[in-house]
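Step one of this worksheet: look at the structure below.
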Amino acid sequence: MPMKKGSKEVLAKAEEYLAEIQALAVKPFTIMEVCGTHTVAIAKNALRELLPPTVRLISGPGCPVCVTDSSDIDRYLHLAAQPNVITTTFGDMIRVPGSDKNLQALKAEGADVRVVYSTQDALEIAKKNPEKDVVFLGVGFETTTPTVAVSLDIAKREGINNYSVLSMHKVVPPVLRLLAEDKELEVDAFLDPGHVCAIIGTKPIEFMAEEFGKPGVVTGFEALDILEAVVMLLRQRQQGRSEIEIQYRRVAKVEGNPHAQMIVQKVFEPVDASWRGMGLIPKSGLGIREEYASWDAARKFSLPVFHSPETPGCQCGEVLKGRIYPTQCALFGKRCTPLKPVGPCMVSSEGSCAAYYRYFQRSDD
Amino acid sequence: MERILMAHGSGGRLSHELITSLFQKYLGNSFLNQMNDATILPGQEQLAITTDSFVVSPLFFRGGNIGRLAVCGTVNDLAVSGAAPMFLSLALILEEGLPIAELEQIIQSIAETAKEANIAIVCGDTKVVERGSADKLFINTTGIGYVSRTLVNPQQIQPGDVILVTGTIGDHEIAILSEREGLEFETPVTSDCAPLNGLIDCFFQTGVKCMRDPTRGGVATTLNELAQQGGVCMLLDEEALPILPGVKGACDMLGLDPLYLANEGKALVIVKPEAAETILHKMHSHPLGQGAAQIGVVMEGKPGLVLLKTPLGGKRILGMLEGEHLPRIC
Amino acid sequence: MCLAIPAKIVSIDGIIAKVDMMGNERIVSIDLVPEVRIGEYVLVHAGFAIGVIDDQSAKETEELLLEVADAYEEGE
Amino acid sequence: MERILMAHGSGGRLSHELITSLFQKYLGNSFLNQMNDATILPGQEQLAITTDSFVVSPLFFRGGNIGRLAVCGTVNDLAVSGAAPMFLSLALILEEGLPIAELEQIIQSIAETAKEANIAIVCGDTKVVERGSADKLFINTTGIGYVSRTLVNPQQIQPGDVILVTGTIGDHEIAILSEREGLEFETPVTSDCAPLNGLIDCFFQTGVKCMRDPTRGGVATTLNELAQQGGVCMLLDEEALPILPGVKGACDMLGLDPLYLANEGKALVIVKPEAAETILHKMHSHPLGQGAAQIGVVMEGKPGLVLLKTPLGGKRILGMLEGEHLPRIC
Amino acid sequence: MPMKKGSKEVLAKAEEYLAEIQALAVKPFTIMEVCGTHTVAIAKNALRELLPPTVRLISGPGCPVCVTDSSDIDRYLHLAAQPNVITTTFGDMIRVPGSDKNLQALKAEGADVRVVYSTQDALEIAKKNPEKDVVFLGVGFETTTPTVAVSLDIAKREGINNYSVLSMHKVVPPVLRLLAEDKELEVDAFLDPGHVCAIIGTKPIEFMAEEFGKPGVVTGFEALDILEAVVMLLRQRQQGRSEIEIQYRRVAKVEGNPHAQMIVQKVFEPVDASWRGMGLIPKSGLGIREEYASWDAARKFSLPVFHSPETPGCQCGEVLKGRIYPTQCALFGKRCTPLKPVGPCMVSSEGSCAAYYRYFQRSDD
Amino acid sequence: MCLAIPAKIVSIDGIIAKVDMMGNERIVSIDLVPEVRIGEYVLVHAGFAIGVIDDQSAKETEELLLEVADAYEEGE
């Protein structure tokens, strides 16, 4: 979101934050932004340029598209190619490459693939096409999952039996734990995802500060939000604290959104899930509960499990773990571009590689 | 088997690839290779020619319809090339089943817009295809103009030049998206669809070096093209971009960037710095130039590079449109 | 990872509400925020209101950011 | 609610109704009202302009493809108007999913045909529409020519004039029909699709009064148009019509009349009687005029009437194409 | 069929026939051509012009399109408008107007209407679209009926259950009887339909000569065929004979085509049928037998019987009975043209009114 | 009322034959003329051979009309 034009106060506030950052960043401080939307906001506002060299922002596994495993992608492509299926999806998934194609190419071959803005639209399509099977590709973290849970609950309640969801949903805390446990990871603090926490609250991520001593700030998506969060993290360091604080107070509460938690709990259950480049993470995914089995595309279509190799050469895994910058991948900007992405990090506009490609290329590249 | 994707028609990078790998490869010649909005033809009277097909859906939208669009699109390509739009061909592809009343409304609108743009429709063609073989109505217009002005083209662009836009950006595409099936929302935004030759007549003067209408692919893609063709680097000022609140709100909602949205009644105008103020003033004096603004400058730097200065003073690269400009949630 | 934008509730009909986003109006589900009332701001993600924006805390602590909300009002 | 029917695109009577009731009503002006293959524009250099969209299915057929057709169709409209084809615009509407290899073949064919016709492709446009919103590929070409010859037009036709055709009739449409889905048959007939400007250069001389290419609606409909525009009556000789046996056999099979079949490489040429023999002779000297024949004469009589003399000597009226030209069993 | 070009022998033969006709036609002689294809051949070859004024050729009810009743048309339009139906039809039916529209208009509104060349094509469409109901509009006389019977037999044998036929088929002999019984009809002799007789032979029409003293000649469709038949009829008069003779010997046999008769007999049974402008004629139609009920569109879709008024002003009935020439209808060429036909006789190119419109208009009209 | 044209049987495969009509070849059903043999002429109506043309009687009595058949041969 670009800022309101000509806002002198915003500029003044930003300068205030930057001055404090400058003052506090006496030694190197590495912050990982977990959320892809933060990656994009940082890139769009060119914040890295404004920060002192001691403050390093690295991007984590925060794009649900990027972390979707090749096997899952090949699986939904297999499903989308079925003759009687209408595949509904958020626009983000259209170009994600599986082993050899993507939804966009499948659509060009004749598959009925429709971009929707909401699961409500997908349900509408199901109602309007009773003779077709309408599948929604359930991709997303805690922010998105409740909207998919609601759609499944409605489908069950209203008997919309030609609607189903292929759940590839994931949850954030287990991957944070994985990161925290990683000895090689050199991250001092986290910008925690504002919208995920708007749903789950801060409790599920408090272990980061308590168990692992990694401070975190639940952050909003304006440039000022992010700068303020950096200030808050630097202050924690200065004061020797390790807490999960909320910068994004107008939206995120300690307790999150209980309605959303309830519906997710009702429809989904934790399952182990493969993350692109990070492997299987226990209880990091959400499967559809037995009670909703008839609306679970995986069961309904008896979908086989795919074992697709990782895209050769793609270092998404390393990027997602914050071990390398996207530009350090040998394919970046060469064989891998947003137009012909090799890895999923290049696909979604909030994918780390795509965000870098779009906003960080230097004129001397 | 490689197939045509929707993204090949986005006006972005894949469209450019198709042009290079297929059209220039087989058809390339000194005319086609001009790669401007209109091609300048040789002859006693210098002619400019341009062609466009219009496939917009829905046919009617806030602020216009496909007929008005088909006239404006071609008139504008001529006008931004520095030509006076003179003659227009009109070719219709009708889908069986199209209500004739709708066709009549569109033809009426074509007549009115042609009059408004002071261009004569000189030849036509009508084809009908089976229901399901077209989306209601496609229109091609090809336009011819006389070039009487000093030449404008991207080759004249130099560091120091100033980038103007004649008004708010993104209006047209938001108006269209708001009526797209499955995406419907109510918006205060109307398409900017208008013939620009009157406005250009009003502000044109020495110092105008290049003009282009930022249609498919939007301001960002068009400036990338100009920067490449002119071999220059550009710097836009994000805060200076004229954007309606309704366009901003809709973009936020859909996860889109106004810089990549199509416009149908706006021109990007690159001018000598010393002429910028006068020209901007003249733009403001015309009804279609009310929102005109200086949005950037041409700089020394890597040829083809377009940068954007953020409100906080950072700079980032503004690339071409990649793939389709789809609504997204991420 | 999840675009979400503030919008003002204009009308409510069961679990469906019309919201205003800088003059653009769209139907969203309020299934996840059943407590919301007309005139309040919600955060919209993928056609769902996923949270009510705390006007109070916003007003108190983040005056500057409220300009965003102001801009939304202007756009109406 | 009145809707567009397939028959509105047949080139026959319903097409003419649409033109009169809608296009002329709203758009009519002295240019459009010329109603010839190409419109003659004023100016220092006299220009001729014409536009056509091509929607043929299948894209590839015996003797050509949509690309070759798109070049020939427009070149021929210019050539029969007495103009030298100079410049061509090329606008493509692609259906998502079109194999790029097919597109490449077509573009290649366009390049070759343009070379053969000695016309330069000077500007282009590409749009992509969703799968199901178009039938693979539609092409619009708009052509510009310079008029250097004495004017030809239907107003010059007089009783006594002689009607020539440059070759066999009906070949193109039979070639297309033989590959139409659900109608497939094997035929020795190939489309006549060819650029006629070379042939016309070869036979053109004083005494040529009017030329027209009998495309949609065929020879019968085209002559009806000429008889109406020229205010004359015409008499064709059924026995003199050059028709390939394969075309005759296919017509018998499908219940069609070759006089109403589309041609894409033939011209009807109305000439002064004293020049007829020389012109016919010149036609025969050109590869594309081998089958040229005198097929009728212009007579005194009811303006607009076209008659056909049968082999046994009876006469009957040859009207315009009514509705679609559909295969029938009755 | 236009004749072979430059055939001097043909011309000489024609002149020979015409000379004999001239010689024999000492007093007025009215011949009705029963078959629409004869009407077209006569018109196309401008034969009327060549005949002496004493020989008058009038057109009978020989176009199956023309004699289809409005009620039947409205009935199939009703069926064709059903959402899951693909209507297959010969091109001839596309423009036939019912009470307020035709197939062409229905198609423009979205009905799936496909012109086929053969019932084989209709069966193919049925096989390719198993989820749709494919209906074939069964229109035609004895020449066409066997081809439809075969399709029904195949559909039953192969279990193509989404194929059905709406039978509006008619047979010729009963209407000939009706004409012969008509006191007002002034017809001396008949050109009998060559292709109908190729199927049924001459026995079923011999009553015309025997009971009613109306000579007939089974005639081919070349100009020479027709001229020879006229000669043969004039000779019968001269010789005071009244027989059914065969001019079209290369095709039509006394016994007809027994295979075709058998399959028609197997699939269809005689029913009373309404003829446009002529009313109900007993046993003049063919209904689908009980054994094929599942492939009978009327039963399958429980189609209501329509009672549509005749088109006001249209004199097709009189034209079909040979009582008036098409040009004598007040609407002919004015409100009624092939493009906007009022009555069905203007629709098919072999309809009497259409044939007249196309070929007989005089320059002084 | 029933367009039908002569065509020569080129090949037979069960109840399906390929026929030649002045050089045009099409598949027709020979369900109604099971006795027909390659090289014979049939009358084709609506995709079906509805009768075999009697070459004998055609030859004997209608020489002139046989020119039509000749023309068909030429067209091959």
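When the chains are written out, they are named A, B, C, D, E and F in that same order, and each has its own residue count from 1.
Note that a contact is a pair of C-beta atoms (placed from the backbone, for glycine too) under 8 Å apart; a residue touches a chain by one contact, two chains touch by 3 or more.
Keep in mind that what you see is a predicted model, and the values were worked out from it rather than measured.
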item	value
Touching both subunit A and subunit D (chains)	B
Shared interface numbering between subunit D and subunit B [over half = same, under half = different]	same
Pair of chains with maximal C-beta contact number	B-D
CA centroid of subunit B to CA centroid of subunit D, Å	35
Separation of mean Cα positions, subunit F and subunit C [Å, integer]	78
Distance between the centres, which are taken as Cα means, of subunit F and subunit A, whole angstrom	71
Residue list for subunit E, restricted to those that touch at least two other chains	1, 7, 10, 36-37, 63-64, 90, 107-109, 117, 121, 140, 144, 350
Subunit C residues counted as touching two or more neighbouring chains	1-3, 5, 45-46, 71
Contacts with 2+ other chains: residues of subunit B	3-7, 96-97, 248, 252, 255, 328-330
Pairwise chain contacts under the document criterion	A-B, A-C, A-D, B-C, B-D, B-E, D-E, D-F, E-F
Interface residues, subunit A side, partner subunit C - complex	1, 4, 7, 9-10, 13, 35-37, 62-64, 90, 117-121, 140-141, 143-144, 146-147, 150, 193, 195-196, 198-199, 220, 222, 224-225, 249-253, 257, 259-260, 263, 350
Residues of subunit D defined as touching subunit F within the complex	178, 185-189, 244-246, 248-250, 252-253, 255, 328-330
Subunit A-touching residues of subunit C, taken from the complex the two chains share	1-5, 28-29, 31-34, 43, 45-48, 50-51, 53-55, 57-58, 61-62, 64-65, 67-68, 70-71
Subunit D residues within the subunit E interface of the complex	3-7, 13-14, 17, 182-183, 233, 238-239, 248, 252, 254-255, 301-302, 305, 307, 310-317, 319, 322-324, 326-330
Sites on subunit A touched by subunit B in the complex	1-3, 5-7, 10-11, 14, 36-37, 43-50, 63-65, 90-92, 94-95, 104-105, 107-109, 114-117, 121, 124-125, 140, 144, 223, 337-339, 348-350, 357-361, 363-364
